[in-house]
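Chains here go by letter, A, B, C and D, matching the order in which they are written, and residues are numbered from 1 within each.
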């Protein structure tokens, strides 16, 4: 599913007009099958949704942190904007349905609309946050994004219309495995296609050397802002999806800790590697679940499992340090999974794009 | 180092993926309709849990980490105590009881996750928890969807039980608690000017403040100043300076003990002599540690007072002390009550079907809980009086009981 | 009016403590051009060390002058050691790598410390806040009117300590051999190394100094707010960072002025307008400063070499 | 030497000066480069040569004086805009995109100039109107860009065609610079001399009319230098460029440049043909110090002549 996102994986025998849409068609089929076969296991659907949302977050953050080489640590703020925007819209249309189509289809249509609205809202904020990157570099930008994320959280916390500290509940839980992973697919597709286009090469160039990129005619400020906008759009969509399968959204869910989780995923996967981000997102989301299952299976003492839960955050911190010291490029560096496969498998060209 | 690390990560990943597959397989697709709405699954028709079937599993979700971990731990202790006692009495319908506890790290998404896990993986009969209303709401949606009864011991927000007919609580609700303190301030303390200092980060604090402001004004008092802080702040001097200049006769601070202790110290330091008033969030031994002598003389509303001489309360306190070495706070008492209400319902119910257990809980009437007699109304809320206690030198003293 | 004066005093009191922490940020940034994100958390560790020391000393000993000194010195020494270890094992190997690498490491350390200290097994303290023992017996230093304006002894003491430390630092940086070495390293650590300056030692000592300062500041902070908790470092550290940026990072007097300014702004925003927005004040100030005067009030624009 | 027949000056500096906090890094710098020119910019270390480059390419804005590229005043314009006007450069300390392949390095520079919705000519015409029209032009260009991103995301046939064309052009440039065999090699893995050549290839990718080379021969051996001289001349013919070279190697500069500007302490101390500059007293003083002239009377005599 993920591999099919790469344009090169699409056979060249397709007519030119079909190359753009073929992966989408394949993905839709695969997703429909996944949806059908997972119908009876809510826990699987739930976990798969969480994994999916984290994948979207990691892949989208990778566009800014990995490809463009800026360092944003306020991604959860955009997620919050998306979650609340989409949530409010869905609440407003909770009792509305499109005439003439099954309720399920109508629900999904409204979900799609609110997700797009959430993404757009987040993209707008992304534009606002991207603007300071006109003047700031590296570490300053990082702190400013952190600040923006916190400010967004404080705004939500002080707005009764958004549920203030209690959070927004009652959002119709219309999210499906299909919808979540459809957006994962779209995010990956967009990330990969950007990476392979002239726009993506401009982003890579900014990451490598901003001054040289500017001298080679790359409008670095515009590209930085654009990468922020795209990245925050998908963060907003992820937030929107989140709001449609978590019964209550609360400002504390979108704090600094959430941002850091996503940063850890991107850094661990390799700054610049889309598939690396996915691998890390999947692994780090399933890790605590796997541990819980393991502890439940081997011991009846709940205290041990709790300790494992507690220790997760400090471990993330240490993981960052150890990664930076031992393997600063992360799991895959700027490469993709298929670049590091064993030698006997067909390989793609070296390099980032 | 360089070679081992990716391999290690890859190995972990492989294990995790295997775990993921296993999860999927253990839940064979039973609903091949492929509808967009996650279908509700009743316990009927589900395969029995793989664990020993002579054990009835209860689930509990609590916040065992983070700043308010004492709430979660007290709750867990209370539930454990109730289950141990029930097992000593021979269990339910010849089966032993056990509890599975998950930490939600005070995050609603983790609470929802834990509830889903309890329902689908552990197949618990009753879910107990949470303390924080936000997290209870997240869990309640999952429980209601799946048709598993849930009892929250101490979530006081109105919205929690409004979610559906499977959601119950054994405590009073925020509006009542706000009303209790407003009435106490106006009638018992005879004040006419009050200030409010609320926590913007906590819905609990917001809810209590709103009701207090409304009721106090309604009773003819005047709110002279409203200030806010955020959980985890440690400097409240600017807010307190502003409050000081309004010259209130009482200050309502419906926060959690860890903030209140510091607030009290700084208020006294700035020369504010008016008593502080609060809610059940004050209840913790840490209040004295953090507040020192500054908290002494303040009042807060609570669910029960350990000074209650009735034997069932004293027996509970003795048992709790023996097991955990401390006087149970009201969260432990409420958790104990919640678990016992659930166990009692299971005993009375004709079968251990979710529906029967639910009906059993709904019929709870005049149940002798340690934190007051419990009768559940048609909104599945407990109707109980509240007590107001005064903070003493080492423990709190009972002052008044205020009935709805 | 008396309120205004009280707010002013409160603001200066928190400002001086931000200033002490900001000095550490500024020094480290000066020599390494690294935002030591973990600075606040090193401070938090120092406070816990002070807390443990105070308990070891017992109630009687800790309020004596020697007791107080011991608490400060032990905490400062412990933090200097932690600072040294962090520099030696986390930052030094990354010195010639991209700056982002070091920043990620710093964030990682910050995270590991602030969340590691929330664990409640072993010697770790757990997440709940704890009361910091009263090592300086709080007494009113000045009372105006009917307790309308109160100034406490510890407020005066921290102001004095902060001022003394700032003067000391200015002296150290501009009047001593070590200071000259520091400035040389700050200018270009590779060239400084070629000129025979023991770069590694200078950077390590700077780190240790900054961390020790943070410990001292942290204890004053704990005395002020009477409590200790694992997350204190994160937020206080961020505020101090904002103060350092406002003053122009790398500039010692700038950090002081920036910190006082931030303390006052925060105090007045909370006291007179919207107290519920307190958490956003520091970040708002930071963003405004970075947008309109990114070099800070006293900083210099560094032209990038092309 | 530069003939008026070569047409309008493509790059022109008129009394351009820049100060950094009181330090006069460049004073009243004048320069004119036309198509087919090959000029040199020399001076001792710290004379302000690279600063001059930075002022010309827009990295720094001159504190006074003007810079014109292809007739347009570019003071305060961003480097990428100036680059688009036809001015490309290389860097003294190689600044390649290190993790990108050689091909991608060049492809970054070969930005697609297509304007999918509103043509570049129409936008330029609107911009000339000024005022609100210029704003509208910016808006339309933003729309162009938006549309172009969608083409990239949907792999529109037109986009694919452009990509192919870009790749072809980049490959041609690599071939010209003799780097075809390094096409898929990461830039950081190339040997030093090839990195220098790749930088030139990258600069050529932006379709410049004037090329600024900052110490292209630094670190090269005699043979490589000789090759470079041939290459620079060939590039001038093949791409009809005007070229300005900063170089320390006197032999190289004197060998290929038709006109040389000498800087010292930010001041222009001599302008002229290689022969004239070589004999200039001030130049010799700047390079070798006064004492050299005193101890070597024959050089002084030559300078006086």
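Throughout what follows, a contact is a pair of C-beta atoms (placed from the backbone, for glycine too) under 8 Å apart; a residue touches a chain by one contact, two chains touch by 3 or more.
These numbers were taken from a predicted model, which means no experiment stands behind them.
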- Sort out for me whether A-D or A-B is joined by the greater number of C-beta contact pairs. A-B
- Message: Farthest chain from subunit C, going by the mean of C-alpha atoms per chain?
- Response: D
- Item | Chain nearest the overall Cα centroid | A
- Note on the structure: Expressed in whole Å, how far the mean CA point of subunit B lies from that of subunit D is 70
- Chain centres from averaged Cα atoms put subunit A and subunit B apart, in whole Å, by 33
- CA centre of subunit A versus CA centre of subunit D: separation in Å? 41
- Message: Can you compute the centre-to-centre distance for subunit A and subunit C, using the mean CA position of each chain? Integer Å is fine.
- Response: 35
- Task: Would you give the residues of subunit B that are in contact with at least 2 other chains, written as numbers and ranges?
- Result: 65, 200, 230
- The positions of subunit C in contact with two or more other chains are 118, 120, 274, 276, 279, 306
- Query: Residues of subunit A that touch two or more other chains: which are they?
  - Reply: 157-158, 211, 310
- subunit B residues within the subunit A interface of the complex: 1-2, 5-6, 9, 12-13, 15-17, 19-20, 22-24, 27-39, 41, 64-65, 98-103, 105-109, 112-113, 116-117, 119-122, 133-134, 137-138, 140-142, 145-146, 157, 159, 199-203, 205-207, 230
- Task: Quick one: which bits of subunit C touch subunit A in the complex? Just the residue numbers, please.
- Result: 34-35, 89-90, 93-94, 97, 99-105, 107-113, 115-116, 118-121, 234, 238, 241, 245, 274, 276-277, 279-280, 282-284, 286-287, 290-291, 294, 304, 306
- subunit C residues touching subunit B - in the complex, by the definition given at the top: 2-3, 6-7, 10-11, 13-14, 118, 120, 126-131, 138, 147, 150, 152, 224-227, 229, 231-232, 235, 266-268, 270-272, 274-276, 278-279
- Query: What does subunit A use to touch subunit D in their complex?
  - Reply: 7, 16-17, 19-21, 189-190, 193-194, 197-199, 201-202, 204-205, 208-209, 211-222, 226, 334, 349-353
- Message: Can you tell me which positions in subunit A touch subunit B when the two form their complex?
- Response: 32, 35-47, 50, 104-105, 107-108, 157-158, 164-167, 169, 173-174, 176, 178, 242, 246-253, 268, 279, 282-283, 286-287, 289-290, 292-294, 296, 300, 302, 305-306, 309-310, 322, 326-327, 331
